[in-house]
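After this come two complexes, each holding chain A, first together with chain B and then together with chain C.
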Partner chain A sequence: MAITRRQFTQLIGVGAIGAAVFKAPAAFAQDGGTLRIAMNTSDIGNLDPHFASGSQDRAIVDMIFNGLVRYVPGKSDEFEADLAEAIPDPVTNDDGTQSWTFTLKSGVKTHATDGADSADLTVDDLLFSFTKAANAETSAYAGNYAGWAFAAGDGENEFVVTVPVPISTSLFLPNVANYSGGYVIPQAAFEAVGAEAFVSHPVGTGPFAFVAHTPQLSVELTAHADFFRGAPQLAGVNVMFQADATARELALQAGDYDVIYGVSESSWAQRLDDLDGFTADVFGVGEVVWLNFNIEHDILKDVKVREAIFKAISRDNYVALSGAPVGEKVFSVVPAFLPGGLSEEDAEAAGVNYQQDIEGAKALLAEAGYPDGFELDMIASEQTAYRTTSEVLQEELRQIGITVNLEVVQHATMHELIRQDRNAITIYIAFRPTADIYLTQFFSTDGGVTNFSKFTVNDLRDQARGELDADAQAELWRQANIEILQNYAGYGLMFQNQVFVRRDEVDYGHELTAVVQLYPGINETTSMG
Partner chain B sequence: MATSIAAAGGSAPGTPKKALISQRQRAFRSFMRNKAAVVGAVMIVFLVIMAVFAPWIAPYDPLVQSTINKFQGPSSAHWLGTDDYGRDVLSRIIWGTRVALQVGIFSVIIGAVIGITLGVTAGYFGGVIDNVLMRIVDIMLSFPDLITGLLVMAVLGAGKTKLIIAIGLTVAPRFARIAYGPVLGLKETEYIEAARAIGQSTPKIINRHILPNIAGEMIVLGSLWTASAIRLEASLSFIGLGVPPPTPTWGQMIRDGAVRLSDLPLLSLAPGAALLIAVFAFNLVGDGLRDVLDPRAN
Partner chain C sequence: MLRHILRRLLLAIPTLWAVVTIIFLVVRVVPGDPARAVLGDYASEETINAYREQMGLNDSLWVQYKNYIFGLLQGDLGNSLVTRTPAWDQIRNVLPHTIELSIAAIILALAVGIPMGVISAMKRNTTIDYVTRVVSLAGLSAPAFYIGLLLMYIFAAKLGWFPAVGAGDFSDPWDNLRRLVLPALTLGMVETASVTRMTRSVMLNVLNADYVRTARAKGLVESRVMREHALRSAMVPIISLVGIFTIGLIGGSVLTEQVFGRPGLGSRLVGATRQFDYNMVQAIMVVYAFIIVIVNIIVDIVYTYVDPRVRNS
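Entry: the complex of A and B
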């Protein structure tokens, strides 16, 4: 069929317009509804949920696994039943122990994997998983389950958790929730994959199932059609690894990502929020930035030196790095938004709201025998929050004559080295769901290598554990925080909220107030318009 | 070869001193006629003045932070604005010149000393020594500059002195390879054989007859590699393996500013421009010197 030049031109024109019209939405097509979220690391660490600790790992395992109970999506202070039918009331036994009897929901399907077909989750799986979580060789969170016992109940699908002494709901539930050791691992799948391979090939029951891990690039998840709360609205999730913040930002704007881990800086978040088509979410939980002072260090064992350093510090300098609402001050290691943390008024009343006083600090150093200051070596992480905190501290100490020789190393290396007591002052940034966990991990003999300060509040921590009255318990935790400050062993600087940016089409499916897994919370209700 | 000796200011036996001075003057005049090279030299002088007089030129202490004044745009108080810690960007660039020049110049000196020693030794003695030394040089040359720098820094750790050593070791095989070739020819020349015949010692022959004859090429190479060393220092600092904080370095400033490239481009662009100027200046001077001193360029 012959066509004229004009017809040919018209055909090309129509074709071009048609392509443009149909291509436009395709520019935002998400591979059939696969959400692409970019995290701020170069790869996974460990996807066995009982070891996962990096923010990228916590986000991934949260989409793959469930707990007996779960934090209400988008909130960090409310629980609801998840794998369990309901949250049980505890029973105090004749021998003084306390039992919690859960009833496992029927029809919870595990993900299929090579060597283990999808199957109903059973009480045996719960037994296997919690026994693993409580074993220090198979879990990094075993300390949270010291003395706990697990058994099948008398009734159908019943699972009984027994703790050695009665504890409050607020202390118990985080350990059986969708966080750390509370994630449930199906036994058959774990054994089929093998413990070694499980760290990069997790299998659970959650809304998304693991498909593939491409080192240094991504982890691919697909929707779990048989998920017990209903099939996810997304076809899948691709967790991409891009450590460079600028690259993440540009890729988001280019349409290569749907959600990115942001920069913890308020003006950056505001700028991204002002862009058409994008929303910056600033939400909790805030990760606390605090300093641990090694009270056994050659120089810092002199309390006057530690006091001098406290007087050199101004929280304003640190908070200004992030700016409100991303960063806010804390007045103790346990933040005030958790029971047991000190508010500014609490710290003021206890006389531990230390203020910057450079001349006073210099005078104290002179009294301690260091009129010309001294030198300290410090290992710092390359990760922005750690590096910036280190540099501000370095400058503050320079003002009182203390020279801090910073050695910036990879983040994982820093964690390894600070556990070898390489730092006299250790910066740590972390969220823990209860004051008990903060005090146990960092200020008790049970903390082991993470008791960076060597200062302990075991007695107050133990008293608080046995206290069932929530107000009295919080007061004991506050006392522990005051002791830490009075002994110049730990100094809470600020907490830093999470910053994520998404395309406006992304709807997480829940309000975003605070998420303990340190990401926006992606589940079966998350969708893209 | 006679041209080479004369141009390089070499000391062939019997060369009258008056003629030698005249040749140096001629070389200087030739360099001064190269406008691009003169511009480069002026830029280098400017950078050296900045580095030496940084404490007096910089408007602020480059280390003093004021986090509540972070990310300020250019103003009369802070011509290039402030960085993420509220530090004056201009002051940090001026102080950064010190690190750039120190690392650039000293690493090339270290590299030249090691490289020329290797190249001359291998070329002059030949045989097994030649084979062993030059194969080592070949292996070192097979690694890209940045990779060699990374490897050495990974072993030595961060720090200015270590950075100078790392870049020096990266540069050394380049000098060895360039020094090696001419020595092979020089050692067969009649005046070297004559020097041997009258019983001059090997060190004396190398010092008085070999080194002066390769000096021109080495100076050219040194000036060009100074530019590369400055760039390499910035690259290593950019990836966090350079001089540790709080010492200001251009590469570190470029990296830190990159995250705000779209709204505060000066944070990265200003130190980037300083780096560009320094590299450009040493390259211009290197090209000019090559036109004057390198016999192959003539």
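Entry: the complex of A and C
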């Protein structure tokens, strides 16, 4: 068949367009040194670090802000100086208060933003930031700073934090570290942006500076060249939002992402790890899953009923939801990886390592006057971890004759309803950085509506707060945990480690043991080969 | 025509008011506290109360409604309870992506669906007809998210021809187009199936009409009979269908948007609902209602050009 010159030219044209369109994944390959991390959400929540609570928000603010001290990258139990020159020793004052005097490093530059040029961070900024963090109207973490006072010190760049009674380093440092209220917000930048806009336009001093937020798509960060520990190796970070796990996985394989938030299942993590060119990281800190038993509930106020329910439970069933090593057992509400948590041996020695015993549970229920069991209503969240935990509990209790009527609601609705005492047994899943916070929020009168069990360990908690020796303090926390278990008020089931998958070229720049900010930890040392 | 459009716009006012009022009440009926959703489970009751006070959530329902309606009358859709930025700013950012995706899907549906429907009708009860019907039925039956993931797996993860996720920047049309292909195919496939079946059905009726038989009897060539007599007549119900599709696509592209990580009005609405962002939900619903009114007016106008009976009346 003959072909005319015109037809030939058209063919060449079509071929060229086709080649351009279908050419090569190279056109989608990562652009230079910008790391793209996909989080399991559809958008940001609140990027004011003193309000940030969602995992995507915590990850973003961690890259933008600093604390006076910081968790050693990749670890959740060691601190080192960050904005401060060093971690000071506390001084007990004549009036019984305790002061910590920090010296702010010189030459820490704030990010530039409209209306506020980059400037040296000052003690006034520290005063502003901590005062904001301690105010319930401007911070969700104000409760951590109750009674604390902040002032400029006598020396140059000195900043003094005074707490009402002496507390241990382990209780003090998390509140001045790179977590929640401890993140330092530069005053001029905050005022230039405005409190309302700061929620989606944060300005700090960290290795990466905020550039733009594209709703439902991404938050773009750029390297802060004047970062005080040195310019970041990455050109920037794009935090991208993709709520669908399968789509995240496919986009990672397609080269659209460099790091993705994974699925909390060991088999999934192993499958991704087996793929060429990808590594699945399973690391702490885990979110603890535990049960709170309302000891004032009409039926559950009988200790035999609560004991029966304890005997119906097997931690293995809950760990199986994720599989090891993503899921691990815990033996108290405070996990063993925090000081004050019970290990299996601790629980065994204290006689509170309860085992599943269905027949024993039935006998106890009969003794309590419920030989045929009873019905319980339970509000459950639609979120997978909550829903599956509820379903396992429902099945375990069915075996001893207790019918659990589950009502699955939106997550925020669940939080609202459980604070109205709608559940006799409340499932809670959370990470808190210290045993004190777990005990205060959930097992003390200070917890208010989150004291779901109505059981309190105020005395032991207070004794531990006043204990300056770390070992003795941890022992008091352990005693509090044992008391909770002995009274069948709280039952630690498991914790779920974090799972992230990265391209092999991504090097976080640190070991990955546990990160309290709930992501792998990206800083100036992170690079891509 | 102008008078007709003005009348439609005036009639839209009570519709919009009813929509706004119903949505205002409905979002507040669902148990849940926006303050808790926004501030997280760590926040103390004191912080929650302070936030509620700041955002006017402690005001009575009537005061909240009055403030909202007054704001709306001044063109203020309110601020998002989550980001505290104007709701319209967020809608303005995502709306072009939704419109772009919807238009691409409709073009695909019309470009493929109408010819397929016509051919299927012309070749009734032949292999082509059977294949078209089975394929269109499959297109209707397959969930959009499944088609999306399948396309992503083949064309992004395995072949690497297109980006898997994201929406392109409008300042970079080439990148934008590449990122549009898979979502538009996903959404377009389902709509193509509907258009094919609708076109076939309408064409079968038209092909048996007297005027088509007359046209053939006059000796017109088949292509002209189809183009000028059959298809033109069949276009009237198809235009109605396109109008309904357009409205449905703008709201119903949620799954496609979520699978491909694209911003959009539908997925923004879902996100706002989950976060109890009352103001955002209300603002999006107002925009939806407005879009529905506009699309209906456009369909009316197109009708007048396509259907002489409407034009002459």
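The rule is simple: the second predicted complex is superposed on the first by the 500 of 529 C-alpha atoms of A that agree within 3 Å, B and C clash if a C-alpha of one lies under 4 Å from a C-alpha of the other, contacts with A are read in each partner's own complex, and residues count from 1 in each chain.
The working rule: a contact is a pair of C-beta atoms (placed from the backbone, for glycine too) under 8 Å apart; a residue touches a chain by one contact, two chains touch by 3 or more.
All figures in this text were calculated on a predicted structure; none of them were measured in a lab.
Engineer: After the overlay on chain A, what do you see for chain B versus chain C, clash or fit?
Structural biologist: Chain B/chain C on chain A - fit side by side.
Engineer: First (chain B), second (chain C), both or neither: which does A:296 touch?
Structural biologist: A:296 contacts neither chain B nor chain C.
Engineer: Have a look at where A:255 lands relative to chain B and chain C in the superposition and call it first, second, both or neither.
Structural biologist: Second partner only.
Engineer: Considering only touches as defined above, state whether A:46 meets chain B (first), chain C (second), both or neither.
Structural biologist: Second partner only.
Engineer: In this superposition, which partner touches a larger number of chain A residues, chain B or chain C?
Structural biologist: C
Engineer: Does the superposition put A:511 against chain B (first), chain C (second), both, or neither?
Structural biologist: neither
Engineer: After the superposition on A, what does A:141 contact: first (chain B), second (chain C), both or neither?
Structural biologist: In the superposed model, A:141 contacts chain C only, not chain B.
Engineer: Please work out whether A:263 is in contact with chain B alone, chain C alone, both, or neither, and reply first, second, both or neither.
Structural biologist: first
Engineer: Of the partners chain B and chain C, which touch A:246 in the superposed model: first, second, both, neither?
Structural biologist: In the superposition, A:246 touches chain B and chain C alike.
Engineer: Could you say whether A:398 touches chain B, chain C, both of them, or neither, answering first, second, both or neither?
Structural biologist: first
Engineer: Between chain B (first) and chain C (second), which, if any, makes contact with A:416: first, second, both or neither?
Structural biologist: second
Engineer: Rounded to a whole Å, what is the shortest Cα gap between chain B and chain C in the overlaid structures?
Structural biologist: Value for chain B versus chain C, nearest C-alpha atoms: 6 Å.
Engineer: Residue overlap on chain A between the chain B contact set and the chain C contact set?
Structural biologist: Overlap of chain B and chain C footprints on chain A: residues 244, 246.
Engineer: Could you please specify the touching residues of chain A with respect to chain B in the complex?
Structural biologist: For chain A paired with chain B, touching residues are 244-246, 249, 263, 265, 267-268, 271, 316-318, 320-321, 382, 387-388, 390-392, 394-395, 398, 405-408.
Engineer: Mind listing the chain B positions that touch chain A in their complex?
Structural biologist: 63-65, 67-68, 70-71, 84-86, 157-158, 240, 244-246, 258-263
Engineer: Please output the residues of chain C touching chain A within their complex, sorted ascending.
Structural biologist: These residues of chain C touch chain A: 30-34, 36-47, 50, 54, 79, 82-85, 90, 93-94, 145, 148-149, 152-153, 156-157, 160-167, 178, 257-264, 267-268, 270-271, 274-276.
Engineer: Residue numbers of chain A touching chain C in their complex, please.
Structural biologist: 21-22, 24-25, 27-28, 38, 42-46, 51, 53-54, 136-137, 139-143, 180, 196-197, 199-200, 214-218, 240-244, 246-247, 250-251, 253-257, 409-413, 415-417, 419, 430, 448-450
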